[in-house]
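Two complexes follow with chain A in common, the first pairing it with chain B and the second with chain C.
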Partner chain A sequence: MSAVQVRGLRKSYGPLDVLRNIDLEVREGEFTVLLGPSGCGKSTLLSAIAGLDPVNAGRIEIGGVDVTDLDPSARGIAMVFQSYALYPTMTVRNNMTFGLRVKRLPKAEIDKRLTWAADMLQLTALLDRKPAQLSGGQRQRVAIGRALVQQSRVFLFDEPLSNLDAKLRAEMRVEIKRLHRELAPTVVYVTHDQIEAMTLATRIAVMRGGQIEQYATPDELYERPQTLFVAGFVGSPAMNFLPVVLRRNGGAVAAELGPVTIPLDAYAFATPPADGTQAIFGIRPEHAALSGAGVQVATETLFMEPMGADTLGWFQLGTEKLSARLAPQTARGISGPQRLALDIANASIFARDTEQRL
Partner chain B sequence: MKAARIGLYAFLLGAALFFSIPLLIVVMTSLKPMTEIRTGSIFALPLAPNFDAWVKAWMSACTGLACEGIRVGFWNSFRILVPSVALSVMAGALNGYALAQWKPPGANALLTALMLGAFIPYQVILYPMVKILSNIGLYNSLPGIIAVHIIFGLPVMTLIFRNFYAGLPDELLKAARVDGAGFWRIFFEIMLPLSINILIVAVILQVTGIWNDYLLGLIFAGRDNAPMTVQLNLIVNTSMGEQEHNVNMAATLLTALPPLLVYFASGRYFVRGITAGAVKG
Partner chain C sequence: MRISGLAARLVLSPTVLVTVVCFYGCAVWTAYISFTKSSFIPNYTFNGLAQYERLFATPRWGVAYTNMFIFGVLLVVGALAVGLLLAIMIDRNVRGEGFFRTVMLYPLSMSFIVTGLAWQWVLSPSIGVQHFVRDLGFPNFTFDWIAQQDRAIYTLVFAGVWHQAGLIMAIMLAGLRGVDRDIWRATKVEGIPTWRVYLGIVLPMLRPLVVTCVVLLSVAVVKSYDLVVAMTGGGPGFASDLPGKFVVDFSFERANIGQASAAAVVMLGSVFAALAPYFYVELRKRGQ
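And now, the complex of A and B:
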């Protein structure tokens, strides 16, 4: 059963289309991340699901009920905001119970939920403090607690970790993952940070220009990106893109990069491309190695970028630059001409005009 | 450096003394009997300071035909002040909250109109206002003058609160809406408790503005409700008999006292509120 279903959603501010015909389905218990650069419409989509912004067209269902025209509080959602949005004059206790008091729940029930959420988030000692007396991480935990006590089936997170420093962000990421494992709520989570998306999500919707480019599991997204944009946006260090011309010779397809020819026998084309197709050959740095199986290409060593666990080696291939993820020990002392082995089965090839995967 | 400091303080002290001369003269004169005023210099210290003139100004100075002192005006001003300040500040806060946080369609047009409204000189609207109030039977009445003060106070009050609320993060309102709170609940439980400083600023502005008002009180309040400023003028500008300078000075001080006390009591908040507003937008 789908917990959140969005169909044909459109939203524009004057002449500017922010969401163009969005379809999105989030299954019960799923952790869906909306990922994209700023201005792609991901926060607008979340606001639309929350009911904070009216939409121009389309339909939103939560738990099988059409909520398109319902108030946020009638949608059965809870939300966590980027700026935490705690009520400054209220104590932590009153912040967390405000929504329950508005809904006139019995006092015993409110206390039970407060105790439960405070316990789960280690907030019990902070209940009588004001938000100004809390650290950033504590404020974010209160904001999450305020959502938890609602015991909604659907939780919406709007870039909840982007105001935290790197170390705290990593801690909170683990915390959110733990909460999702223990409580198994349905989550829609907006972020521009692909690490957050990859670590938390069961499925990621990559957005660009008000549209969803691809909606898939993190593995699928990483290994088989459907568009050039997704391939470039997901993965760090980024995928190498080489402009090539595809040549057919009988059943065999090869990519021509200037004088270099890369046979593509190991690549699974969705449909066999025509001869002379202008394409982008994409290969992740970890699929280029100094030794091993795969298509061998002759390169010239340019320089090394040590990154701790790995070293990113840069090589000249014909007229293009190519990066390879190397073990630091291997990378030391490498210079001059090198043969690189490319793992073609794990490469991605896109048409240059449509930017779609071939 | 040392000499420069001494020079600076000497200058400041001189300036302070210079600007306090009128106040000193008023205070000293109010403490002298008329005989002393007639014979001595206005700079002479009172020989036997006493509050006779103050008592007369309060209890029995003549304002036109009635000789009941300025206390009548004091109570009139008070009756005008309290509802005018309370209602104009509340209405301004509510307007500002609605405009800045809920952003209804046309909010910006309304804001522009309010800005213009804040800069229109009173004189332009006086006559139409008189006509309107007399048509609805509120001219020369207490509700009439209160309504006028509220209407004239609204643009500035709305702008002050709008700027304050526009400086709050949008997400605060969104969070409260997700929590299920409505327009009024969010206003009273979340926004208003946040606004203590700006409320104090608004109250100070309105208290001093309305207490010091002369023109509107003269025109709209009617003789029975004439505020203290209008009665003060009647005492000071009487053309019959001898000018009792000591009583005039005492009446002036009595009239000026409430705003002065407000400033002294709340100066700290006033500065804090202004800077808070400045930083938050």
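And now, the complex of A and C:
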């Protein structure tokens, strides 16, 4: 059963198409992250699901009910905003219960939900404070608490952590993950932070220019990106891209990078490419090593970038630069010509014109 | 550093001098005069509370003093309510916002004299609204508050609210525009009706602005002299008199500086007494 189903959604502001024919299915209890750079339409998509912004075409179902024309409050959703959107003159307690009191829920029920949510989020000691007296992380917890007490089937998060500093963000990430494990709600979560997306999501929808480029599990997204954009956007340090020409020799395919030839026998092509195809050869830094199995290529050492746990080594391969993730001990004292072993099975190859995976 | 400090003092000193001599000095002098035998010219013979006893025995003062409270409370409440409603209307994204904003702010660009004259004509039974509606074919229509002893003061409130509401609207609109858009979106998701959002969330957020508006309106109330003069002349009789007019009349027309001073001191004391508790509560709250 799908908790949220979006079909053929379109939205434009005048001549500018913000969402182009979006299809998205979120299953019950799933944690879907909408990931993309600024202006890709991810927040607009979330607003459309919430019913806060009208759409031009398409259909939205929540819990099997067509909600395309329903008010936000009738959709059975709760939402957490980037700016927290707490009511500044109310105490934490009133912030969390105002909506319930407006709906005239019995007092006992309101108290029960408040106690439960405050307990869940360690807010019990803060209930009588005003938002101005809370830290950023506490405010975000109150905003989440206000969403929890509504006991909705679907939670929408609009970049909830981007106003927090790095340390708090990591803490809140863990907190949100724990909440999802304990309560198993359906979540649609917008972020531009790929680490947040990778750590939280059960599935990630990577968006660009109002379209979903790929919708898959974090592992799938990382290991088998379907488009050049996804490959470049996900993963840090970023994937290496080398412009190559594919050469077929009988059954065997090889990539030609100027004078360097990389045999691609280990790569699983979806369909065998034609001879002479212009392509992009993508390989993540951790799939290039100084030793071991894989295709050996001759390179020249350029420089090292120590990153703490790893060192990113940069090497000249033909006319291109190539980075490899190295153990810091190995990286020390490396210079001159080096042979790198490329793990072709874990590489990604894209057509240069369509930018689709081959 | 020393030179710039000196320069600052030099530049500020005329202002300080004017404030100390003209405002505080004159206030103290007026208070002093009110305890003397002064009548036509200042007379420094101390005379206790005699001026005050005589003042409160004057029927005209009683009317003027009561009127200040009627006029004050109604003007502050009325202008706040109308201004706020206008601001909310504009904030709800009506078409032609710029046009309405200008139209509503326009009265403020007119002096109280012009406002008073215009309203005098509008409310005058023989040429204004009453005359107009009668000519439309309702010969029994009557609206002559401005000519009635017990209603005239309310016509001053009309004109005052009309004049001040635009300013309140402008201030409140700025406040409404400052409310985070996400707060509105959050209330929509929670299904809170718009009027509850205004009453429960937005207005409490605008509280500091309400204080500002109350101060501005109170000042308008206390200094309202020109409006009365232009609109009703304090009449009929002295039914719509206000302390400001009373003081000016007694100082210059009746040439009784002792009575005028006593009235001015009572006015000052009343304003303090009325506003002090309000500011005490508001400012203490903000201090917290």
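Please note the rule applied: the second predicted complex is superposed on the first by the 358 of 358 C-alpha atoms of A that agree within 3 Å, B and C clash if a C-alpha of one lies under 4 Å from a C-alpha of the other, contacts with A are read in each partner's own complex, and residues count from 1 in each chain.
The criterion applied here is as follows: contacts are C-beta pairs under 8 Å (C-beta built on N, C-alpha and C of every residue); 3 or more make two chains touch, one makes a residue touch a chain.
Every value quoted in this text rests on a predicted model; they were computed, and no experiment measured them.
Steric overlap between chain B and chain C is present once the structures are superposed on chain A.
Applying the stated contact rule after C-alpha superposition, one finds that A:Q338 touches neither chain B nor chain C. In the superposition on chain A, A:T202 contacts neither chain B nor chain C. Of the two partner chains placed around the shared chain by superposition, chain B and chain C are both touched by A:A78. With both structures placed on the common chain, the touch criterion links A:A50 to chain B and to chain C. When the shared chain is aligned, chain B and chain C each come close enough to touch A:Y87. Comparing the two complexes, residues 47, 50, 52, 71-73, 77-79, 81-85, 87-90, 98-99, 102-103, 146 of chain A contact chain B in one case and chain C in the other. Every residue of chain A that touches chain C in the complex is listed here, in rising order: 47, 50, 52, 71-74, 77-79, 81-85, 87-90, 98-99, 102-103, 146, 150. Considering their complex, residues 47, 50, 52, 71-73, 77-79, 81-90, 98-99, 102-103, 146 of chain A touch chain B. Every residue of chain C that touches chain A in the complex is listed here, in rising order: 180, 182-183, 185-193, 196, 200-201, 204-205, 207.
Only residues 169, 171-172, 174-181, 185, 189-190, 193-194 of chain B touch chain A when the two sit together in their complex.
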